[in-house]
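The same chain A turns up in both complexes below, where it pairs with chain B and then with chain C.
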Partner chain A sequence: MREMTADPYLGKYITCVSARSTDKEILKKAQDGGIATALMVYALEEGIIDGTIVAGEGDRPWEPRPIVAMSREDILKARGTKYSISPQIAWLKEATRSFGLDKVGVTGVCCQMQAVRKAQLYPINMRDVPGKVALTVGLFCMENFPYKSLQTIVEDHAAQSLGSVKKMEITKGKFWVHTERGNVSTVPLKATHKYEQPGCHVCLDYVSSLADISTGSVGSPDGWSTVFIRTKKGNEVWSKAVAAGMFETKPIEDVKPGLELLTKLAKEKIDKNRKTLEERRNFGVNKALRDPYA
Partner chain B sequence: MEMLNSIKKTVGGEGKPTQVATEKKMEATMEAKPVANKIKLGHVHLSGCTGCLVSTADNNLGFIKILDNYADLVYSLTLADVRHVPEMDVALVEGSVCIQDHESVEEIRETREKAKIVVALGSCACYGNITRFSRGGQHNQPQHESFLPIGDLIDVDVYIPGCPPSPELIRNVAVMAYLLLEGDEDQKALAGKYLKPLMDLAKRGTSACFCDLMTEVINQGLCMGCGTCAAACPVRAITHEFGKPQGERDLCIKCGSCYGACPRSFFNFEVIDEFEDISEIIAEALK
Partner chain C sequence: MTKVVEISPTTRHEGHSKLTLKVNDQGIVERGDWLSITPVRGVEKLAIGKTMEQVPKIASRVCGICPVAHCLASIEAMEASIGCEIPKDAKLLRVILHAANRLHSIALHNILILPDFYIPGTETKINPFSKEEPFRSVATRIFRIREIAQTIAAIAGGEAIHPSNPRIGGMYQNVSPRAKQKIADLAKEGLVLVHEQMEFMLDVIRDMQNREYVTVGGQNIPIPKTLGYHNQGVMATSPMYGSSSLDENPTWDVTRWKETRPWEWYMGEVTIDLEDPNYPIGGTTKAGTRANPQMEACNSVPTYDGQPVEVGPRARLATFKNFNEKGTFAQHIARQMEYPDCLYTILKCLDDLDTSGKVIADHIPQGDGSMGWAANEAPRGTDIHLAKVKDGRVLWYEMLVPTTWNFPTCSRGLKGAPWQIAEMVVRAYDPCVSCATHMIVVDEKNRIVAQRIIQ
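For the complex of A and B:
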């Protein structure tokens, strides 16, 4: 096992690689390298988990709804990034109750990984949860959008009907909308800023530092993911999965743009949000807004 | 990290310097002699339902382990025959106080005098919880109508919110209280950091409601829609509409769990970032 790296912007990790799933069916609809889906499917098949919380399909197009998935089929249904709030953790306790799970998997963005760890160390009305979280896969996340924001961005700014969208992506300074019939529209990110979820502006994590394994797109080429293996648990699962041929991997050092760009974006996010937290201290006249990290 | 590593080496059965000698001896004389340096733990039962004590006992062998190695239960009317509140290092107080019941008022005052650390165990002690709805008029003490969380009568050091409180949280607080009182410098430092947010909750106040999520999280621009509050709520009073909490306030029993569990109420990076090591330390201590 390699030495643990502790980076002020990328968190603690054992290794970082660029990777993609070798499962063609998973890749067909995966957002990037299909890491999140492939890991949970592998963990389910190996008995490392007996179910996992994923962002499934909701009532409206591109509105995610958290579900407890207990089959490969249901995990696959959650492929693709939905740029809107999916309250994943709402099912965390229930997964150990009516679902009867012993080994719960959780996928989600950075703040949701934080919620899981807080529940493990400070379980407040979260009986059984600390010991039953078996594997967490966290996504990189710059910011998220309320559903009405997403609607405005896609329908007004990109002028696409939500029902026709095949994939959305935030990359290279733009919000990209790909339709089923092959059209591509973009919105400059600058135009989307005012629609961001305000609670994201105090978020101090970009790469899901508290997950067992975290993954995202930045740093790796299209169709590939950047993956951090962070905890003992994560390392064990990742090593087994790679040995079983579930993933193609490349050392992150051999990949462009690699960790350099990722570190730059992580730093931008954290510095900007630290400043927001700082400003909250003098938001009123001799009155501060609350700081959850104080 | 360094500190956590050194703690890992010293906590638990194997290498704990303060206890290694006594533990060797213990194997021979298990029941005959108590382990040195155990802390004195008491359970004080006010207007509660005993569910908090059941949660404590639901640590199963972990509870027995704590009683074997770290704490003597010096007071608990449910479990032992000690009639009057004795000196305690840690008092776990469950239930609120009926201010028309003289003996209850005396007992909470005495608890504060006799305990080094007072813990409000569970939501009735912290926040009043279901007893907030009491208003008297029932046989055969129709005048017993006013109930207050213990923090309105005495200073409370630590909160363990929850209705029911999670066994794991009670266990963690017991282990950390032991390390705070009997550990080496590093262990004391860790325990202090761990307990801080639960001490801050005690300083913050004695009221709780779904509304805390509105006034302290959503209204403050801090909610990010994670859903944790809905998972924590024992009565399913919280759903999410377009990613934000929606409270059924007539269902809410005012337990304060949602706010406590919310990662945007307190989030102490210096502890939670070390989740892996701290979980190991606690597991090791209970092995």
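For the complex of A and C:
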């Protein structure tokens, strides 16, 4: 096992690689390298988990709805990034109740990984949860949008109808919208800022530092993911999955743009949001807004 | 000459209560009063005006040992008032939850009573907290039974303590096929354990029935053969689940119930003039202290046909299975005999449960103010909630919980017991004093008695 790296912006991790799933069906609709999907499918098939919380399909197009997936089929339904809030943790306790799970998997963005860890250490009305979380896969996340925001960005700014969108992506300074018929629209990110969820402006985590394994797109080429293997549990699952031929991997050092760009973006997020937090201290005249990290 | 001795607080049961006892020269109880001194929380009064969805969740908080009973009785009282029939699979999940809660409760009570009992054939009392054998294995078995019970309750009911799944009209969630299998596996494991545990407890109780005396605080106290006998009769609505006014043939009759005031049944002011500093642990109430059960009782007294009655496992077995023993040890025996039925009931319900079945009624009426009631056979006996719901709000609410029925009955059962084992008589009722303390007791002039006592 490699020595643990502790990076001020990328968190603690054992290894970082660029990877993609070898499962063609998974890749067909995956956002990037299909890591999130492939890992949970593998964990389910191996009995590492007996179910997992994923961002499934909601009532409206591109509106995620958290579900407890207990089959490969259901996990595959959650492929693709939905740039809107999916309250994943709402099912965390229930997964151990009416679903009857013993080994719960959780996918989600950085703040949702934080929620899981907090429930494990400070289970406030979260009985049974600490001992039943079996595997967490966290996504990188710069910011998120309420559903109304997403509608406005896609339908007004990108002038596409949500019903015909095939994929959305935030990359290279733009919000990209790909339609089923092959159209591509972009919106400069500058135009999207006012639609961001305000709560994201105090978030000091970019690469899901508290997950067992975290994954995202930045740092790796299209169709590939940047993956951090962070915990003992994550390392066990990842090593087994790689040995079983579930993933193609490349050392992150051999990949462009690699960790350099990722670190730069992580630093930008954290520095900017730290500043927001500081401003909250002097928000009023002789009074402050609350600081959850205090 | 009659003397008065008082044990306050009583121990190894839920909640806060005391025993004020008039005894003869031999220390035998001539008249005993067992009463709640747990502060009244007034759930019934604060329920008024709240939504029918919320009140059962508040009522659940009356007690953390049998929250399932209060939650279900309360919800079903609301459903009875509004006339809402719930789907079959919701009912099955409720019965599973109910049986699981009874299971955990019996096991917990084993821990509370065992220190009064002996390893059969020896002079060694049972200490369930000892690391030594055979205590350790017994405790381990009890803990596993409780763990199984609480896990099943959490799966079927959403939460073991204060179940979240039940709602007006059914349940929030059906369970997954995996969850169903898990409950079945746990129930099968539990079945083996409860048979062992029941046999163990029955041996221990039979051994006690054959004993002449027990030691309390270093003294040998004779055990009367008629310990805990009373002539109040029993009341039960079902061997397992309960009944409600929605039933075709309800098994409880609201017209036979009458609420009475504590002083019709309790003694007035007395002064303690017998004191035993060696009563374990910490002695009895100091001589010279005044007590007034009529005024201090934080419980009210419901009656059936004008009399207090006994409710609980013995009442159920006597009503439905011709169980004909009575008194303290018969109550203990009946409680142990309910062990296996909890798990057979769960397994039977699982057989019938369709995990893709609907668990919420299509239509939930909002109520026109009609009175409805529901009885839940709680671990400790019949728990009856009565409600009037109009436009989704609770207009009137009343809870007649098992230990409230049992307070005056048990008090009568104390007669003839050496005062040093009065607590053993009490514990055979598996009292849940918090449950019994949710009344605001009003006197003839409608002054709130219990509240005055808290002030």
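Keep this in mind: the second predicted complex is superposed on the first by the 294 of 294 C-alpha atoms of A that agree within 3 Å, B and C clash if a C-alpha of one lies under 4 Å from a C-alpha of the other, contacts with A are read in each partner's own complex, and residues count from 1 in each chain.
Quick note on the criterion: a contact is a pair of C-beta atoms (placed from the backbone, for glycine too) under 8 Å apart; a residue touches a chain by one contact, two chains touch by 3 or more.
In this text, all values refer to a predicted model and were calculated from it rather than measured experimentally.
> Could you tell me if A:Gly163 is touching chain B, chain C, both of them or neither one (first, second, both, neither)?
neither
> Let me test your reading of the model: by the given contact rule, A:Gln197 touches which partner, first (chain B), second (chain C), both or neither?
first
> Which holds for A:Pro251: it touches chain B only (first), chain C only (second), both, or neither?
A:Pro251 sits against neither chain B nor chain C.
> Quick one: is A:Asp50 in contact with chain B, with chain C, with both, or with neither? Answer first, second, both or neither.
second
> Tell me which of chain B and chain C touches more residues of chain A.
B
> If we overlay the two complexes on their shared chain A, which of chain B and chain C does A:Gly223 touch? Say first, second, both or neither.
So A:Gly223 meets neither chain B nor chain C here.
> Return first, second, both or neither, reflecting whether A:Ile89 touches chain B, chain C, both chains, or no partner chain.
first
> Between chain B and chain C, whom does A:Met70 touch in the aligned arrangement: first, second, both, or neither?
second
> Now for A:Gly100: first (chain B), second (chain C), both, or neither, which partner does it touch?
second
> Chain A residues touched by both chain B and chain C?
94, 127.
> Give every residue of chain C touching chain A within the complex, in rising order.
Against chain A, the touching part of chain C is residues 154-156, 158-161, 164-165, 173-176, 178-183.
> Which residues of chain B touch chain A in their complex?
Per the stated touch rule, the residues are 1, 55, 58, 161-169, 172, 194, 197-198, 216, 220-228, 230-234, 240, 242-244, 255, 257-258, 260-261, 263-269, 271-273, 275-276, 278-279.
> Quick check: in the complex, which residue numbers of chain A touch chain C?
Counting only chain A, the residues touching chain C are 50-51, 70, 94, 96-102, 127-128.
> In their shared complex, at which residues does chain A touch chain B?
Within the complex, chain A touches chain B at residues 6, 12, 66, 84-94, 108, 111-112, 114-115, 117-127, 129-131, 144, 146-148, 197-204, 209-210, 231-232, 289-290, 292-293.
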